[in-house]
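Each of the next two complexes has chain A plus one other chain: chain B in the first, chain C in the second.
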Partner chain A sequence: MSKLLFERSVVGRRGILIDPIDVPEVKLDEQYVRQSKPRLPEIGEVDLVRHYMELSKYTFGVDNGFYPLGSCTMKYNPKLNEATASLEGFANIHPSQSLETVQGALTLMDDLSHSLCEITGMDAFTLQPAAGAHGEFTGLLLIHAYHKANNDTKRTKVIVPDSSHGTNPASAAMAGYQVISVPSNAQGGVDVDALKLVLNDEIAGLMLTNPNTLGLFDPNIELITSMVHEVGGLLYYDGANLNAIMGTARPGDMGFDVVHLNLHKTFSTPHGGGGPGSGPVGVKAFLKPFLPQGSLVKETYGYRFLDERDQSSIGRMRSYYGNFLVNVRAYTYIQSLGRDGLKAASQNAVLNANYLMEGLKDTYPVTYPGTCMHEFVISLEKLKKETGISAKDISKALLDYGMHPPTMYFPLIVHEALMIEPTETESKETLDFFIETMKKLHDLAYSKPEVILNAPYSTPVKRVDDVQAARNPILKYMF
Partner chain B sequence: MEKYYATSHEWVMQVDDQHVRVGISDYAQKALGDIVFLSTHELGDSVSFGERFGDVESVKAVSELLSPVDGVVSKVNTDLEDKPELLNEDPLNVWIIEVEGQVDTSRLLSEEAYLALDKDH
Partner chain C sequence: MAGYILNTDQERTVMLEQIKRASLDDLYAELPSDLKLKQDLNLSAGQSEFAVMAKLKALSSQNKVYSTILRGAGVEHHHVPAVVKQLSNREEFVSAYTPYQSELSQGVLQSIFEYQTQMCELTGMDVCNASVYDGATAAAEAMQMVVERNRRVILMPENMHPHVLQTMRTYAQWANIQLVDLKTIDGRIDLNDLQAKCDANTAGVFIQHPNYFGLLEDVQEISRITHGIQAKLVQYTNPLTCAYLKSPRALGADIAIGEAQSLGIPMSFGGPYLGFMAASADLVRRLPGRIAGQTVDLDGKRAFTLTLQAREQHIRREKASSSICSNQALMALVASMYCASMGPQGLKEVADAGLRKAHYLLQELEKIGFKRKYEGPFFNEFVVVSPIEHSIIERVCDEMDILAGLGLSSHESLWCVTETTSKATLDQLIARLKEVIQ
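Let's turn to the complex of A and B:
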């Protein structure tokens, strides 16, 4: 591994020369002055640049190779998105500047909201939430505000299926709800009989991903949404898997009342690494009064930004306008693909997933066979039992072939799970290479398991001790 | 005393007239992998059969612990705070909580029946 900047530091070395002070010097009050100088790494510019260039070679993203991380939709981000997001009128504006100077940006936000409404079948969107889980939390606060406005205070429970994303129960708990889990049926969908048993007037809502984390579209979706509506609960759609259905099916038509989208998944904005995401939330018309404070109003002269606290609104979810430049990228994607293009993207995502599943199913058991949507789950339980090679070992071995592993050990209802989502942008050659590699690793697990147990061989760090890291994390570097 | 098992892979064992101890099965610790963190209900909290009384976190995932008994928590095994790995090392002898309550065999599996179930996994 590369040395840390701190380890490269040489006392007195500088990367830049600071000009002498040319304004009157003001002495700070003694209480604000540091007692000692901070210890910062001291390094020349060229060494600094080399340090970061070296680190950049260790990263792996979708621009480096195949990245079939299930339910994460690591699709390629077209470079056109970057070109528009770099336009001066978008990149160099400040959220505090006067509205008449940023009418173009406001128009883009309003157009994007309308596009998202059309894609999802909802009536209004807020662009404030900064990412998916933030969107979920926003949506649950909307549901809470709705019941409260109806003086319906008995509703303290939110239902999630046992195949749900972990953020669903977490967001419900954050919003103060008790979480009720419903099991899946033999086909991998919601067990409707089990759902019936937990439905009553204490249910605030049901959170659902459709297609779910098994990559299956729930054929009972209209029955499920009507059952929840019948007891007065609302329906929340987790948009993590929207990439399977764009242009073909809409959550609004399935009966959902609140939807969040992950623009950093479905709409090709950069994803991962802790960078900004965007998790807009859409609602049906009856929930509009509760949307976060801060909305665009179209007047004859242009857009006005209404930023007063309305009594019914849940308040602000984020400062200013949300992650604007992320929204510019998503807008570019939607505009460049158009209605037919978005539909084709989803169709190709589903086609690619089914191609992979067909190629792998005789080697690795598919947990819920049949046609999948944009992703599918295989179980390596048999392989582990017979060879000792686990889903984690196969994942580590994939790194040596220049591919990112699929999602491991999720959903929790499948043992030794690998959840595979190729996305629409991968070529047949890439998919074939993945199938061939997975088969090769399967053979190796039986013939030379030690080769897999010691993988990866080509990465700067071999196997990390994740147990030690979780039990005894050392979170600061002593300089 | 004999251990009885819930289908959610917790065991429960009567330790005296009024108290039972609760742990997780060998299958559960194997399926979870290396356990790195544990949180449970505290002393005096009520637990009910089939309801969550804590979470166990491994390097793979976080799973809920479901109570195999109704009652009130009378002791928590504090050794596990710093050494959750004890659950991996000796799952059948390391208990997680002690509960004032009674083993209800009608809702649980005998060791033999549970291990037979395990073979299907």
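Let's turn to the complex of A and C:
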């Protein structure tokens, strides 16, 4: 593996220089001034370049190969989006410039919000949340503020299905709610009878992903939303799986009151090794007064941002107006695809997922064999029982074939789960190669399990010892 | 077919046959029919790359890009080295997911580990997480790190960035955390008020140093008072200033948080930025978000992985202290590259340039009738009371392609100077303002 930056450091070496400082020196009182320099690396530019070139070689992105990571929608990130986001007029404007000097940015934000409203069937969007989980927290605060405005203070609980992402219950807890978990039925949908049992006037809302985390559209969705509405609760849509249904169905029409989107999933903005994302939140009109400070609104006289004078607002969720340059990328994507392209993207995502499932289902049990949406889940429970080879082992073996493995061990309701989401931007050849490889590994699990147990072989490091990392944490370089 | 889709019509036909479906629409046969859209989305048709670029260029040209920026207030204009821009745009970094599959992600994991180390060096802390959304949410998340079952009060002064205070209020309102305002005297924390408000219920004291008005706080004294009641001191800071000023840890802080936009990240109309959170070792399990750690592989070779995940939402669900999942990893990479390209000397010089040029600008403004609002020592930002209305000054600056300091009231404004402004530009500005004032 690579040397660390600090191991490349040579005392006195310099990289980038600044102009000589042509104004008098300033002496601050000694009590404020640092006595010893931070041990930052001292590196020349060419060594810096070689360092990061090496690190990039040991990093795997969508641009390197297939990434069927379920629920993460690792579609191709168009280069045009990067080009528009680096335009000077977007990248080099200060967030507190007067509004007359940033009308282009405001127009873009407004137009993006309208597009997202149309795609989801909502009435207004805030672009402020920085990521999906931040959007969830924002949405739940909106629900909280709404009930409070109605003096409906006994609603202390939020319902979350047991198949949900971990962020759902965590965000609900941050918003001050007690989390009620409801079981899923065999299709991964909400168990309606179980839901009935927990519905009462203490329920503030229900959080749902649809298609759900098994990749299935819940056929009872209208029943579910009406049941929750009947007891006075609101419906929260986790947009993690929107990539299945753009142009075909909309959460707003299903009865959802609040929606968050992951622009870094559905709208093709890059994941950046973990972020930045963008998690805009859409609402029905009756929730508009509660939108966070820093949300853009259009008045008769022009644009303005909500601020502390907007008293019904839930408050500010972060600084300024959101991850603007991420929003520029998503806007670029929507402009490129247009109404037909977005619909085609979803349709082809669903086609690719079904094609993959068809190719795999005789080898690996699929949790639900009907039509899936954009993703599906297979269980390796039987394989593990019979060969000792787990979902993790198969995943590690996939690395040697130049592919990123599917999401492992999620959703939690399926044992030895692999969650597979090919997205629309992969070709039939890639899907065929994945099917072929998965079958080969299945055979190998029975014939030579030790080969799989020791995989991967071609990566810069072999299997990494996570247990030691946690037991004896080394979280920075020891000089 | 548009949309970066590879399937040809012919392939689609083959694939549909294989899955025994008549058409693409047929894939949605199981959806309730009343939920299916009967018409196209009311959006424009897709456009060519050329047309989209033209549209975005037109929009971007409706934004004014100033050649000189004398406004900070939490967001600073610095030179971003070409090497940082170029390297951080490498596709492998940009298009990678969170490095859960460590064998395939050693590069990005190592970069996070290096980032954590650099932030620890700057702040003097023992541990640092892989980033949060921005400085304001870093402050909001830090509240959960200091509160205890029976200690739910956090003290914070009004001289922190207003967005930080507002975000803390939002996060606190449903979390059973009580926020109490600290008074200030002459722009700095009133130590007597702090002493008076510190009691057994105080979980933490939050401060910004240098504060929103650019002033240096007496952090050592604040630390003494805070620790006198066994509360935690949380210092919000601009990490660039840490290359010049005593580190938060050296001043007595238990947690250092803040906005690291100044480390090579463009102003970007507010984001994406970089929230950092660093702390003393005893608080490591209270840090939210991802953390990279060093370990070994099967052969005993050094390797990196995401660690201490038992703190996080995907394991703890509703018992996690934060729901953060996606963070700002790519911006952390930028900050790390920036620190490495500047080195300790370069970073100190950038900080020093801001310090000296801000003092020079203030001194010249005072010569033409501006007055300092606050007396205390400051770093690279300061507040002045102007002899004419600030809106006039802003207009004059605008004509010179300069973004003036931020207006705080009709005659008060907050100015920031960085290495990107030359003495010559400052002199021209002063000469012009002198004419206007006379």
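Criterion: the second predicted complex is superposed on the first by the 459 of 479 C-alpha atoms of A that agree within 3 Å, B and C clash if a C-alpha of one lies under 4 Å from a C-alpha of the other, contacts with A are read in each partner's own complex, and residues count from 1 in each chain.
Here, contacts are C-beta pairs under 8 Å (C-beta built on N, C-alpha and C of every residue); 3 or more make two chains touch, one makes a residue touch a chain.
Please read all numbers here as calculations on a predicted model, not as lab measurements.
Of the two partner chains placed by superposition, A:D362 touches none, neither chain B nor chain C. Look at A:E450: by the touch rule set out above, it reaches neither chain B nor chain C.
In the superposition on chain A, no contact is made by A:E299 with either chain B or chain C.
Comparing chain B with chain C, more residues of chain A are touched by C.
In the superposed model, A:E230 lies in contact with neither chain B nor chain C.
In the superposition on chain A, contact is made by A:H415 with chain B only, not with chain C. Chain A residues 166, 410, 466, 470 lie at the interface with chain B in one structure and with chain C in the other. Across the complex, chain A meets chain B through its residues 166, 381, 392, 408-410, 412, 415, 466-467, 470-471.
Within the complex formed with chain A, the residues of chain B that make contact are 31, 34, 36-37, 57, 59-63, 84-85, 121.
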